[in-house]
Amino acid sequence: MSWPWRLAGWALFVLAGPALLALAGQVPFLTSGRLVFLAITALAAVGLCLIMGFAGQVSLGHAAFYAVGAYASGILTAGYGVPPIVALLAGMVLAGAAAAGVARAVFRVSGHFLAMATLAFGLILYYSLGHFRTVTGGNAGRGGIPKLAIGSWEATTDTRMFLLCWALVVLGVLVARNVVDSRTGRALRATGASEVAAGCCGVNVVRAKVGVFVLGALYAAVAGSLYAHYVTYIAPEEFGLLKSIQFLVVATVGGLTSVWGGPVGAVVLVLLTEASREAIPLFVEGATGPYELTIYGLVLVVVLLLFNRGIAGGIAHAWRARGRGGGGDPEPLAEDATGRPVPREVAS
Amino acid sequence: MTLLRTVGLTKRFGGVTAVDDLSIELGDVGITALIGPNGAGKTTAFNLLCGVLPPSSGTVEFRGRDVTGQPPHRIAVLGMARTFQNLELFGDMSVRDNVMVGAGAHLRGGIVSAALRLPRHRSDERAARERSDAVLERLGLGDVADRPASDLPYGLQRRVELARALATDPALLLLDEPMAGLSGGEAAEVAGAVRAIGVPTLIVEHHVETVMALSDRVLVLNFGRLLADGTPAEVRADPAVVEAYLGAEDAA
Amino acid sequence: MAELLQSLVTGLTLGAMYAMVGVGFVLIYNVTGIINFAQGEYLMLGAMTAVTLVAAGVGLPLAFLAAVGVAAAVGGVVERVAIRPARGASIETLILITIGVSITLNGVALLVWGVNPRRYGPFTAGPPVELAGAALSRQSVWVFAFTALVAGALWWFLERTTSGKAMRACAMNPEAAMLQGISSSRMSLYAFLLATGIAGATGMVLVPITSASYNMGLPLALRGFTAAVIGGLVSPLGAIAGGLLLGVAEASAARFVSSGLKDAIAFAVLFAVLVLRPQGLLRLRLASRV
């Protein structure tokens, strides 16, 4: 894709932030507060896409690193008066270290065992958060976290916070794009496609998998810090399995194999949930309730079965395929959600 | 100069001995064929040589260094490249990207220089790109370089795997049945390419005639053991080989 | 001594619960290669169905049948609609699909039944049974009986009936089974029906002990999965043994180490087994594969 188009694409992406804000002003069900959560989720999901879509490793414990970032920021700023940026960096370091440790253990196995091990890790952290009361405030959590401040600028309003978060999302996608489009990125994708072949091409497969896991965790940690400073209060409830699954659904719907998967998925899911919260009562008498779970679940299954590359992934694939009409080419192998080729159906 | 040496290389899986006390030496010239009936242990031998499988006992020495038990990426960086019996392409990556993975074997840039687009990254990309383009041209893959590898017809896919292996700038090329599934014409093309490449090669193939014509030396495996080692003519005439392998071919 | 025994008794009760969930995982995994992340939700469906019916005046036996029926029916639909179409996909995609099913079932249960837990009393009323100084609640006895019954019935089904043997054949060697005329697609459906039916029944039996709530499924599913993995994911008997082991370990840890960390410990066990010994801790050759 030639550079004027690329530049236009990035400009559109950057401007989407303010555009969303403007939309929030007009549409009753979309608040700027909701947008902040959208951006935070998007950021964490970008990291998850790297882990799952590019290196092909399932992570059901992403919320654990989100929690590390949040608690590091919360405890250091509220408890010890550490400047928010320093606390955020500390959160990243802690999350990175935890990710490196977990990854080494978890990548000894693959497939189901790997997925479940990440799940178990996430839950170990979740329950530990509730238990070690003196540090974390236990199940009641801790409050009094200051708003995010960079120097003298403070993110006091929702609008400010959202613009900051969106800027970080843009930065995050840019970094992800840089990594994917590089020797490291190719090595990662190769590892996801065929570990054996990647190894024989000189790729240190273990280091690649651990590396991407750490990178993904860093995204989650930053998102966590943002969350802590926005809500000014953190409790374990936010950081359980449901959160990991939310990141998972956002990333999958957006497209695991696309660096844009995070923001696209977040926008789609937030709009879907908010809109349905308004719309469903119109069709079903007296229907109220938490639709989020059901929507997330259904959307996940539908996307996996029908649009298996997710939205951004599907668009990217169609774009690449546009020049390819014309006969004589064998039908390309289909891919599933994680970008793996799916063997042609054998008659059964 | 000895390029590759194995001493007593053995691999056991439970009760089965797939490779049994294999001791061979390869010099740094020529094409050596590794033949044998199905299940003779040829692919297992390959997996042992390039580090995919650790041996049960015995040693592997490559370019003067003991690489026994080393992980495959270290051996690849030392200069051993391979292709696979059942293609192991990076299917959803473009042909060029596949080859560039190979070309990246000797580069050093990591995540940080990539993320921040440091100069090291730029020079790495240029180097990888140049090397890849050269290999792609050489193997006639220039036209399809931007297509996803899984899109290509089978014959071209085999060529992509060969290109990827070449891009690692190997001192020794291990080819595991590179002609499997190819028509006569395509197989001849591959044979021609292998000869033209000029890198010392160890090739496993079932097209016995092609292999005999192509190689300077033939190793015969049967039940994991080395049955014969010599020129094509010598091996062909060896009665033990005829009985175990070629004899079955004649009868069939 | 009495404390030890009480821990054992509590642990075995817990363990029997986990064992029943674990059995479902093993059945589906061996026939289809899938870990049914949503396994716990079928238990929840059985429990909620039974509770709703009992509250409406329906008798326990009918409620039991309904629990099994509803769970298995949903399981069958899910298998046909969500699992079967994705059969060629990677393990990772299949994992995600079962997760999606799990969340959906959870969400629907929340909308239908709300947040509050419900329950009915034990099947037989009365004081706990005394066993050498340890107390065993009446419902626990029912749970043990149920577990034994299911174990026995499963063994008979898998070893002595044609369908059961077909299922095992499919698990051991799908291609060979196909050549014998066994449809792997049908076996997959049967495995789901069987596993989800058992889960539904388990849910119904557990209500007096754990109460029924929309989110009861996941903790049990995770423990059940741990049980199955400890047993090597190879046979239902392994899962049962694994479940009992896990239950006792958890009860002991809760009593002698710290009850606040009991959940973290349970998952630490799972993590350790998955990462260090995925082939399981038990090598039971007593029951053959599936």
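The letters A, B and C name the chains in turn, as written, and every chain counts its residues from 1.
Operating definition for what follows: a residue touches a chain if its C-beta (ideal position, glycine included) is under 8 Å from a C-beta of that chain, and two chains touch if they have at least 3 such contacts.
Bear in mind the structure is a predicted one, so any value in this text is a computation, not a measurement.
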item: Required minimum of steps from chain B to chain C, each step between chains that touch; value: 2
item: Chain occupying the middle, per Cα centroid; value: A
item: Taking each chain's C-alpha mean as its centre, the one farthest from chain C; value: B
item: Whole-Å separation of chain centres (CA-atom averages), chain B against chain C; value: 48
item: Between chain A and chain C, centroid-to-centroid distance (C-alpha), Å; value: 31
item: Chain A and chain B, separation of their C-alpha mean positions in angstrom; value: 39
item: Sequence positions of chain C contacting 2 or more other chains; value: none
item: Numbers and ranges of chain B residues touching at least 2 other chains; value: none
item: Residue list for chain A, restricted to those that touch at least two other chains; value: 340
item: Interfacial residue positions of chain C with respect to chain A in the complex; value: 35, 82, 85-86, 88-93, 95-97, 99-108, 110-111, 178, 183-185, 218, 222, 225, 229, 258, 260-261, 263-264, 267-268, 270-271, 274-276, 278
item: Complex contact set, residues of chain A against chain C; value: 52, 56, 58, 60, 105-106, 108-109, 111-113, 115-117, 119-121, 123-124, 127-128, 130-131, 241, 245, 248-249, 252, 289-298, 300-301, 304-305, 308, 336-338, 340, 342-343, 345, 348
item: Residue numbers on chain A that touch chain B, as the complex places them; value: 175, 178-179, 181-187, 189-190, 193-194, 196-206, 211, 215, 257, 320, 324, 329-330, 332-333, 335, 339-341
item: Interface residues, chain B side, partner chain A - complex; value: 50-52, 71-73, 76-77, 81-82, 84, 88-93, 97-98, 100-102, 104-107, 109-111, 114-117, 121, 124-125, 128, 147-148, 150-151, 153, 164-165, 168
